[in-house]
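Down below is the structure, laid out as structure tokens.
Labels for the chains are A, B and C, by order of writing; each one numbers its residues from 1.
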Amino acid sequence: MSVAPRAATSAADLGLSDRRRSRGLRAGIRDNVTPYLLLLPTIAVLVGVLAWPLYWLGRISFEHFGLEELIAHKGTWTGLDNYREILGNREFWHIVLRTVVFTVVNVGLTMLFSTLIALLLVRMGRFMRVALLVGLVWVWATPVVVAITIWQWMVDFQFGVFNWAITKLHIANLVHYNWFDNSLTGFAVITAVVVWGAIPFAAITIYAGLSQVPQELVEAAEVDGARPWQVFRRVTFPLVKPIFVIITSLSIIWDFQVFNQVWIMLENRPSPDYYLLSVFAFVSSFRVSQYGLGAAISVVMVLLMLSVSFVYVRQMIQISEVDQ
Amino acid sequence: MNLRYVVAAALAVAVAAGAPTAGARTDGADAAKATTLTVWLMTDAQGPDWAAVVSAANRAFEAAHPDANVKVEIQTWGDHLTKLDAALAGGRAPDVIELGNTETTKYMAAGALANITSSKARFPNNKTWLKALTGSCTYQARLFCVPYYAGARAVIYRKDHYGAVGMRKAPTTLDQFVSYGKKVMARHKGDSNYSALYFPGKYWYAGMAFVYDYGGAIARFKKGKWVGTLNSPQAIAGLTKLKATVRALSRANRSGTEANQWTVFSQGHVGADIANGWEWGLISDPKIGDPALAPVLGAFPMPSHKKGKFMPTFLGGSDLAIPASSSNRALAVDWIRAYTATPMMRQLTSAAGVIPNTTSLVGINASKPTLAPFARAATSSWFVPTAPNWVNVENAQVLQNMLAEIFTGRRTIKSAADRASAQITQILNSR
Amino acid sequence: MTAIALRMRRSFDLKNRRNRQRLIANTIGLFILVFMIFPVYWMVATAFKPPRDILRFDPKWIPSPFTLDNFDDAVHRPYFWDNVKNSVIIVGVVVVLSLVVGFLAALAIARFSFYGRRAFIVVIIGVQMIPATALIIPLYILLARANQVDRLTGVIITYLTFVLPFTVWTLRGFIMGIPRDLEEAAMVDGCTRFGAFMRILLPLIAPGLVATSVFAFVLAWNEFIFAYVLLSSQEHQTLTVWLASFTTSRGTAYGPLMAAATLTSLPVVIFFALVQRKVAFGLTAGAVRG
């Protein structure tokens, strides 16, 4: 956590601090205090609400904390037992691998489709653009439980509209096909639901970022003879890179924690080969009533995400400093 | 900019939001009352007929206790245990809670429920409570909850389809039923969606009935340990019979569940299915189902492979418990007494078509042709092993997976049963 | 051809290309709309179908017969209007507060350099990695101690905690896309720093504000488990919890549920339709050079 801004990126900072100095010491102190004041409400909320729960979670992850302990409000210290039980369990590592693969696939598909849709939105006529934006928001606004029910119906063994359509189009015979029999096809459906639900936010936000690209720059490049792909790479993308990076990082964090789509799709009773890390944590806490174990799994999840994104996060912080 | 006004407005709204809810805690008229009794009932109690019974009980209770008022909060089946766990942890558990009869053991074993053995004699009809429900309320010979209502399954069938192959009255043995069923299947050869007995693969409530009919069990408590017994010879015999029956008579999803089975029935592709009593009404409901089926529907308890007996049916249902942390135990007991009083039970049974918690009222259902077969079926029942960890077996889907493997042929019966038994033994005995 | 003539020719070609692009984009956009919106269409269509037509072996694409009974049933279910009021209050406060507080914090980390900035960024990112379900019990215990259980304020503060890191992180990205020169130009002209933020920066990141406000709206409107656990009285619950009451041990009333879901999804759509013009607010020509 270094203090001084790097020399190569501080040109703007230096320029600003010159002005600061010229406005006097008082202004200097005010500016030194301002960022902290701006952050105060956010920190107050986050610390006020999360500090104790995180401490509690951390503490019980080192304890044997079952239903009896929950009622007595007190657990028995068992040290690293919960962690040993998790990390030594082969099933756990299968679940980790499954979650990682799931995340990569979902984030990849989401970013791909969202970017394409955002690029399309820029080039559309006004009426179509508003229609598509409103349509996307409607998808976003549909309550998750209801959306999952609809998707269940679409691929249902007997009533599935999707199965019916595919069969009628002679692409494959999906009459009486149970998508959830085999976890691979089951996850295909779950991925479809997740990506479908994630596209609106990503597409709209990337589109918002794209719309900030000054049109003169794009037109100038095109008039200079650049092809669309080159325009994207050289002019557009560098300007929307921060948004892109943010959406990707958020997607990774969210898709790693996917819970509802698996849980509700499988009628609150997923079989173990459908477990993702968040499902495993929930089952350990609330179904098997081993809250300490569930807490340990959650802690491991956070550490996994932090360590995997460590390099990435550093890069993101550095990007911001270069841009400043 | 108008930022200041926006912030001020938000804060004003926030204060306004806090105010009414703060006020609600000490509502005008109730501020004078000393206690509020909080009762958690499930969404089923919201239906107009059922809610009338609840209101009647509340009125009777409040008349007897002028200084108390009842607050009923409706819970959803999917997440009510999560909410209960949070409430227990936060010290805000309700005074009375409805629990499914397969959910009670875990909480009894953990000491979450109040021991009401000493009050047992004061509950209405306590001497004639349904044995299966009472079993789900008893732990280490002590009583921890009160039976509420039950549901049993029987065979709902189409008199026209089965009548056409000569079945005029309920079959007396399983083999007789299956042979009729095969004839019905032959008559409907042209319909690729047709099932003489619609049986989705993961319907373990109906599947395990076969195991118990042949004398087997899911697990038994031997020498201080639980042992999974699905691979015993009797259980295997039951599973073999089950597989043959389903293979011959059902085209339902071999790895699907029984949700929505009445919808399939009402669309005309089903000759019979194993169902709860309330499904009869749904099949012929004018809005949801097909009212044209109403005159041809009938029901009978699933026959055993032994002549003259019924195959044991799973007795589902709910109990009413008092969390140990409740500070209004006496009032809670009185409320439950008011709610399970005989006239309330009678009203509930007629209104909601459930099986009452006492055998003394079985007669109500006996007089209704759409409920009588289910009440009769309930006289021969089975229940899940009353182990504190039983709910983990359900969560791991052990039985469902075993049945799906058997029906799809992925595993032989013996191998699937061996695997399931080993899993059950391990889960039930873990700390 | 001279360079100028070439440029003019290219400019002309560009306009033709633009129009063609627009046509192609519109067509592809229509296909995408149809695919994406199909499940939503199915939900709305189901809301108008009589219960018998909802699950069929041969699907009914268009509801006929058409019925409004499901809407009637849904709206007359107990506590509907109370729950609407609660949802509206919660959403209103969460959206406004998250935007205000989040914008201020995003300003801090995007425009200032100070001790602890990196740590704060790590905290913002790290907090979002905590699985929400792990927080159900400890958050309940905390709020119970603060007497915020069964209160809208308890739910509001919970949702703020979930939404803020996201809002700060996203608005930071948008702020970083606006060059400092604009604010500095304004300050040279006599504007205060804060004035520059409010008058120059804030309008320019309007698209980001819209995106984050819709996100906060959707989260506060549709969130279930925390609303269900933290709010016990029926009259304090939200619409999403009310939706769950359509399911009993006898199955789900699908027609009324879809009608209810259609109704609950409309406010978000209407909100967005009102603010969508702000989504694409590009830099005005000449602002950079001026």
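FYI, a residue touches a chain if its C-beta (ideal position, glycine included) is under 8 Å from a C-beta of that chain, and two chains touch if they have at least 3 such contacts.
Source: prediction; values computed, not measured.
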Furthest chain, CA centroid comparison against subunit A: B
Higher-contact pair (C-beta pairs counted), A-C versus A-B: A-C
Inter-chain centre distance, subunit A versus subunit B - centres from mean C-alpha coordinates, in Å: 38
Separation of subunit A from subunit C, taking each centre as the mean of its C-alpha atoms, in whole Å: 15
Subunit A: positions in contact with at least two other chains: 70, 158-159, 286
In subunit B, residues with contacts to at least two other chains: 78, 82, 85, 89, 91, 193, 259, 263
Per-residue multi-chain contacts in subunit C, two or more chains: 55-57, 137, 141, 244
Subunit B residues within the subunit C interface of the complex: 1, 3, 6-7, 9-10, 13-14, 16-18, 21-22, 24-25, 38, 42-44, 46-47, 71, 73-74, 76-79, 82-83, 85-87, 89-92, 193, 259-260, 263, 266-267, 269, 276, 278, 282, 285, 287-290
Residues of subunit A defined as touching subunit B within the complex: 66-68, 70-71, 73, 157-159, 176, 178, 180-181, 267-272, 283, 286-289
Parts of subunit C lying in touch with subunit A, wherever the complex brings them together: 7, 10-11, 14, 21-22, 25-26, 28-30, 32-33, 36-37, 39-40, 42-43, 46, 55-59, 101-102, 104-105, 107-110, 112-123, 125-135, 137-139, 141-142, 157-158, 160-161, 164-166, 168-170, 172-174, 176-178, 180, 184, 187, 193, 204, 207-208, 210-211, 214-215, 218, 221-222, 224, 240, 243-244, 252, 254, 257-258, 261, 264-265, 268-269, 272-273, 276, 279-283, 285, 288
Subunit B - residues contacting subunit A, complex: 78, 81-82, 85, 88-89, 91, 106-107, 110-112, 193, 251, 253-257, 259, 263-264, 324-325, 391-392, 394-397, 400-401, 404, 408
Interfacial residue positions of subunit C with respect to subunit B in the complex: 50-52, 55-57, 69, 78, 89-90, 92-93, 96-97, 100, 136-137, 140-141, 143-145, 149-153, 156, 198-199, 202, 225, 228-229, 232-236, 244-251
